[in-house]
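Before we start, here is the structure in question, set down as structure tokens.
For reference, chains read A, B, C, D, E and F in written order, and residue numbers begin at 1 within each chain.
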Amino acid sequence: MDSGNTAWVLTSAALVLFMTPGLAFFYAGMVRSKNVLGMLMQNIFAMGIISTIWAIVGFTLVFGDSGNSWIGNFDFFMLWNVTDLDGDIPGMALVAFQMMFAVITPALITGATADRLKFGSYALLIAIWSLLVYVPVAKWVWNGWILDMGALDFAGGTAIHINAGVAALAVVLVIGNRRGHGTEAMPPHNLPLTVLGTGILWFGWIGFNAGSALAANGIAAQAVVNTHLAAATGMLGWLIVERIKTGHATTLGAASGAVAGLVAITPCAGFVGGASPMIIGSIAGILCYLALGIKEKMNWDDSLDVIAVHLVGGIVGTLLLGFFADTSVNEDGFDGLFYGGGLELLKDQFVGALFVGMFSFVVTYAIAFGISRTIGLRVDADDERIGLDQTQHAESAYTP
Amino acid sequence: MKLITAVIKPFKLDEVKDALKSLGVTGITVEEVRGFGRQGGHTETYRGAEYQIDFVPKVSLRIVIDDDRADAVVDTIASSAATGKIGDGKIWVSEIDRVVRIRTGEEGHDAL
Amino acid sequence: MKLITAVIKPFKLDEVKDALKSLGVTGITVEEVRGFGRQGGHTETYRGAEYQIDFVPKVSLRIVIDDDRADAVVDTIASSAATGKIGDGKIWVSEIDRVVRIRTGEEGHDAL
Amino acid sequence: MKLITAVIKPFKLDEVKDALKSLGVTGITVEEVRGFGRQGGHTETYRGAEYQIDFVPKVSLRIVIDDDRADAVVDTIASSAATGKIGDGKIWVSEIDRVVRIRTGEEGHDAL
Amino acid sequence: MDSGNTAWVLTSAALVLFMTPGLAFFYAGMVRSKNVLGMLMQNIFAMGIISTIWAIVGFTLVFGDSGNSWIGNFDFFMLWNVTDLDGDIPGMALVAFQMMFAVITPALITGATADRLKFGSYALLIAIWSLLVYVPVAKWVWNGWILDMGALDFAGGTAIHINAGVAALAVVLVIGNRRGHGTEAMPPHNLPLTVLGTGILWFGWIGFNAGSALAANGIAAQAVVNTHLAAATGMLGWLIVERIKTGHATTLGAASGAVAGLVAITPCAGFVGGASPMIIGSIAGILCYLALGIKEKMNWDDSLDVIAVHLVGGIVGTLLLGFFADTSVNEDGFDGLFYGGGLELLKDQFVGALFVGMFSFVVTYAIAFGISRTIGLRVDADDERIGLDQTQHAESAYTP
Amino acid sequence: MDSGNTAWVLTSAALVLFMTPGLAFFYAGMVRSKNVLGMLMQNIFAMGIISTIWAIVGFTLVFGDSGNSWIGNFDFFMLWNVTDLDGDIPGMALVAFQMMFAVITPALITGATADRLKFGSYALLIAIWSLLVYVPVAKWVWNGWILDMGALDFAGGTAIHINAGVAALAVVLVIGNRRGHGTEAMPPHNLPLTVLGTGILWFGWIGFNAGSALAANGIAAQAVVNTHLAAATGMLGWLIVERIKTGHATTLGAASGAVAGLVAITPCAGFVGGASPMIIGSIAGILCYLALGIKEKMNWDDSLDVIAVHLVGGIVGTLLLGFFADTSVNEDGFDGLFYGGGLELLKDQFVGALFVGMFSFVVTYAIAFGISRTIGLRVDADDERIGLDQTQHAESAYTP
């Protein structure tokens, strides 16, 4: 066992753990003050329920060596026998690191469905989603047929961002728009909280991406640099377009652009080098900004822009990897179009992304629809007016 | 000159403001308040303890207006702020002796 | 007894307070408000969407004062709060029937 | 119809509200304000610099009430808000021409 | 010297350092807005005074090799000669890591005594407490007779949580209840701050528990997983009981339950495996919730529930270790009742906890009583009404 | 390649990354509520623009092996060939770690110029500053003539704090004081945000200083201890003087004193031991407090005291190293006056600091003056009255 690699993976697990509170604040700053706790709670609660599910059956269904490429077996049920995976790092380090990924993925959805989910139904939604959507997708991408096919996803562009982005859209289609959407102004109630969340996310994302090397080596170091540069250039790209289009570079724009860059570099982090992260980041910043218009056009109330940032950002990164992947950076990868690898990788990236997107959409829609038609997924009109904090949690965020 | 004060539900503010704008009202002063009334409050829970919170968030508006337009303003607020549900709030009207526009020193009707 | 209400620009509060203090005013009650008026609002941008924000931050003052000093108070506020630019705000004066100092139960002039 | 305005110490709010409730008052509108008065302010320190803060946090209450109950309300506030220490605040009463309940359009006594 | 183990211990020290600001926010969100800075300051100040005391005499009195099992010697006075401890990790890494523990322990007390301590007296209280209570207890538990007796405390269930929890009770008994306690409502002024504090605590606790392995190995990885799962299930346990009893799952409940789980797993983190952390966490979440009633019954104004969360949580973890300890996870431990070790360990756990509790109570009470009768420990009535921010620190937390 | 050292440097890079959001909150809590986003944005934006510049030309101009001691060459332009630096740690780890330093240095200036910079001009200012001031100074101090001369700067007392502190003064002299400075009270709008920033800075500074060892070894561990103790004693020193002078120990004082101690220990962190960090920290706490009067006397509106904290703190640390440096702690250093090294080191420290200070002042003044006379550096009177949030970014920090 290598203590340095173990130290890095454990550190990375802690960093990724911290991202879910970061995401909670990133989103909570943007909602209206009557829904702050509702948003924080949905995210924090994911840390409770998803971690538990992951330990009981999630991990084993992804990493249990079933011999097939669709779903794992029960070898590691309840985390039994995980020490069998001990090698360069302890098996438990892999459990810890992957558990944090499982937690944050469904939490991403809460940005799209802000201000209108019943808490109990939300809890059920993400629990089922984690098992029926996240677990199989994670298996395919990191330990199954999508990997075998030749598609690359260093830290979760497809498995996490495309997956959660599509799921967010599916749930929005089931629950509909917020009351007052399009007529009332719903400006962010506390942007410093959003900036705080951005800072925490950016910090944690270093562990998210570079921890995925599962070692403290040159690839991890490259991933740190790539991650940071994509965030930086994502911010610049977004702000430039924003300033041209609206006349102002906004704080929320800086935050959003950085996150867009981080999303896009996620699949690429350990496979690209040189100036590539800056190109990927700035393209993501620009395209994600432009993608903000989609929800307007479609009249989807994707309240805090999960589609524009995570779905579009995830697609951008996943596909650009088909151009920028470079085996001189990481010999376990493949060369992309610009590095002499032809169209092969791009095609595999596309197929993987498409399949995951379709699967996630159909299954998520079915789950959300099922809950909606039985116990109900959306709060009633009065509760929505009063806000989630009071009606779902019997609390006030701020008391004078 | 009249002073019209209204206490309304917060989410109705935009609607009321737009209605008053259409009526030609040129100034409104608004503040966040908390109201106790028939609507009743709600219970909050903190670590097992339950607190009765009697006050509900409301928004208060103040409008200074010429005597002859006061009734129209009251009616406009009343209709645009109403949801028909308890807690819609109150409007009250009182007499003003003098109004001054700080910028110019204009008084009375010209100050509005 | 008069009640003087003024709505002014927030950064003028200290100046107005000092001017009133010099005039011998012994009490003021102040609150943060938002004002809609000729000054117009501004546009805010959130992720590409532009919102018109009609309300501008203002500060409101209330002063209860003897009848004979009311005009002096109004004039002092008017001069110390003025910048000459749009949005300086308004002052209005109304009649008060009764004033009580809670601590002592004193009424009228003595309550101030 | 009267409008009673009171400015009190914040921690007295619950007590005053309960006393008014017992008296049968059915509505109160409350806001956080800051008061300048005889109580004086305090000094704050920021990196060696000392600032005089003249304003003290207070709570303001507004109650619209029938003429014949106004005195009882004033007395109840005065007794329940008093601590006997400087800064207990003021109560003032003014005349109201018209009151409307937004929900129903009722006026006058029925609106309360 | 092993660079990987060193990296992990230094990282863990940083993580634990961050917990004290985290605790400051966890508590500060729950107080009224006139006492926010008072609470933040009490916690931040502990980082100043306790660190200094620790460097001068604390460390040496715990780790100086005196040959006896009651108190260390002065070999490392002023951190002299610490390089003598260099081994697998540098001696200074142990100093750093342990220093952060010494800081946060007295800071835990501030939750119980919220809104009514004079700042100068508080400073004196924790300085003396650190020397007279924390130092001997740390010596006994980690380097003295309680360890020798056979009791286990991986990261401080007894030394930190039971110790601080009992001390909190003793100080509350000396100073009495807040003015208005039981008659005025005193709801939290800013729950997002509490959620922020929870996120930071959870994040830092990974270092707290897994750093206690003093190596980046399988035990550390197990401790990361255990810590996270206990927090997750602590949250679930608390929320389920809360929802049954009050009809709502609250945000503050989620935060509190997670902390309860973290407290309970602290002594167990490197000694248990499999499903044990989930059982320990959920029992802690449930019992700590139920323990909230104690202060009501006793009319103790333990303002922010240090007893229910830290004392009860610490006892739960310390005793459950007597059942769940498993030498197949960590051969340096012992087997608990459920793993064939009989009642031996449980008995030792009980004796250690009881003795530490009694010692801490008596000495803390004496210190607090002494200060109270001389320079005074509590602010006067007017200052309490006005609030600590203005009266103790001449500042306002929030200015419009 | 050593995985433990790599893990520690990558962890440290992440910690330093987190410091810039920390600094953003440290400052943003102190400004008036109409300028919160302006302050947050200036800091966050530095993460975007400076990182990008660093990756393109900054790193290579500092670390490209030009053979001269004034400026690097273009070997690592666009981060090409960085793997040539692979050794004990990957070259990319050095890039990552140093990039975070480059980001935070110009961000420090924003405290002095609070509430009055045009955003676009600010962006230009720091971009040019980074190239014309930071890059050469970093080269001289860490890889050039100041190092060769024999001056020591472990983590940036001269290169970062003196440099940014002097630059802050130069920009203030160009732009002048805030409107209302000296007549209107401008108290901090939200001190909890400042405390949060302090917590993050303190946490991140562990990586800043101890990561500068570029290894997880005894020197890194010593640097962790030194850093923490200097912060602790900086706090105590500041609070004691403050309490004597004003009668109160303030929360902002605790935060400021801790940062003063952290600044002062920065150049010393890996070169001193024993009680030295406590002496250095407390002297810094006291002197930085006393230095607050300078701006009053000179009528400089150094709004959030960058001069008193960073410039004075940086000078204190840089010069005290001439007394306290100890080769028994780090044999790559020199002995200071108190450790038998005579006046040699003190003289070198002084010369390095003086030269960097003069260079930074002249060049920064020229840049700021140039921008001021062309596109303008300061917002107009109305925009300043309304605030940066609305006028520069078309946003509100807080919406009811």
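One rule holds in what follows: a contact is a pair of C-beta atoms (placed from the backbone, for glycine too) under 8 Å apart; a residue touches a chain by one contact, two chains touch by 3 or more.
All of these numbers come straight from a predicted model, not from anything done at the bench.
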- [ ] Check every other chain and keep only those touching both subunit D and subunit E; list them.
- [x] B, F
Task: Centre-to-centre distance between subunit F and subunit C (centres being mean Cα positions), rounded to whole Å - done: 44
Open item on the list: Averaging over Cα atoms per chain, report the distance between subunit A and subunit E in Å.
Closed with: 33
- [ ] Starting from the mean Cα coordinates of subunit C and subunit E, work out the distance between those two points in Å.
- [x] 50
Open item on the list: Measuring centre to centre with CA averages, how many angstrom lie between subunit A and subunit C?
Closed with: 50
- [ ] Two or more other chains in contact with one residue: find those residues in subunit E.
- [x] 2-5, 7-8, 11, 185, 187-188, 190, 196, 200, 216, 246, 248, 250, 252, 393-396, 400
Open item on the list: Multi-chain contacts only, two chains or more: what residues does subunit C have there?
Closed with: 31-32, 44-46, 53, 94-95
- [ ] Write out all the pairs of touching chains, ordered by chain label.
- [x] A-B, A-C, A-E, A-F, B-C, B-D, B-E, C-D, C-F, D-E, D-F, E-F
Open item on the list: For a test of understanding, state which residues of subunit E touch subunit A in their complex under the given definition.
Closed with: 2-5, 7-8, 11, 15, 32-33, 187-192, 195-196, 198-200, 202-203, 206-207, 210, 215-218, 220-222, 224-225, 228-229, 231-233, 235-236, 239, 246-252, 254-255, 257-258, 273-275, 278
- [ ] Going by the contact rule at the top, pick out the subunit D residues touching subunit B in the complex.
- [x] 1, 3, 17, 26-31, 62, 64, 94-103, 105, 111
Open item on the list: Quick check: in the complex, which residue numbers of subunit E touch subunit D?
Closed with: 180, 184-185, 385, 390, 393-396
Task: Complex contacts: residues of subunit C adjacent to subunit F - done: 11, 14, 42-46, 53
Open item on the list: Which stretch or stretches of subunit D touch subunit F in the complex?
Closed with: 44-53
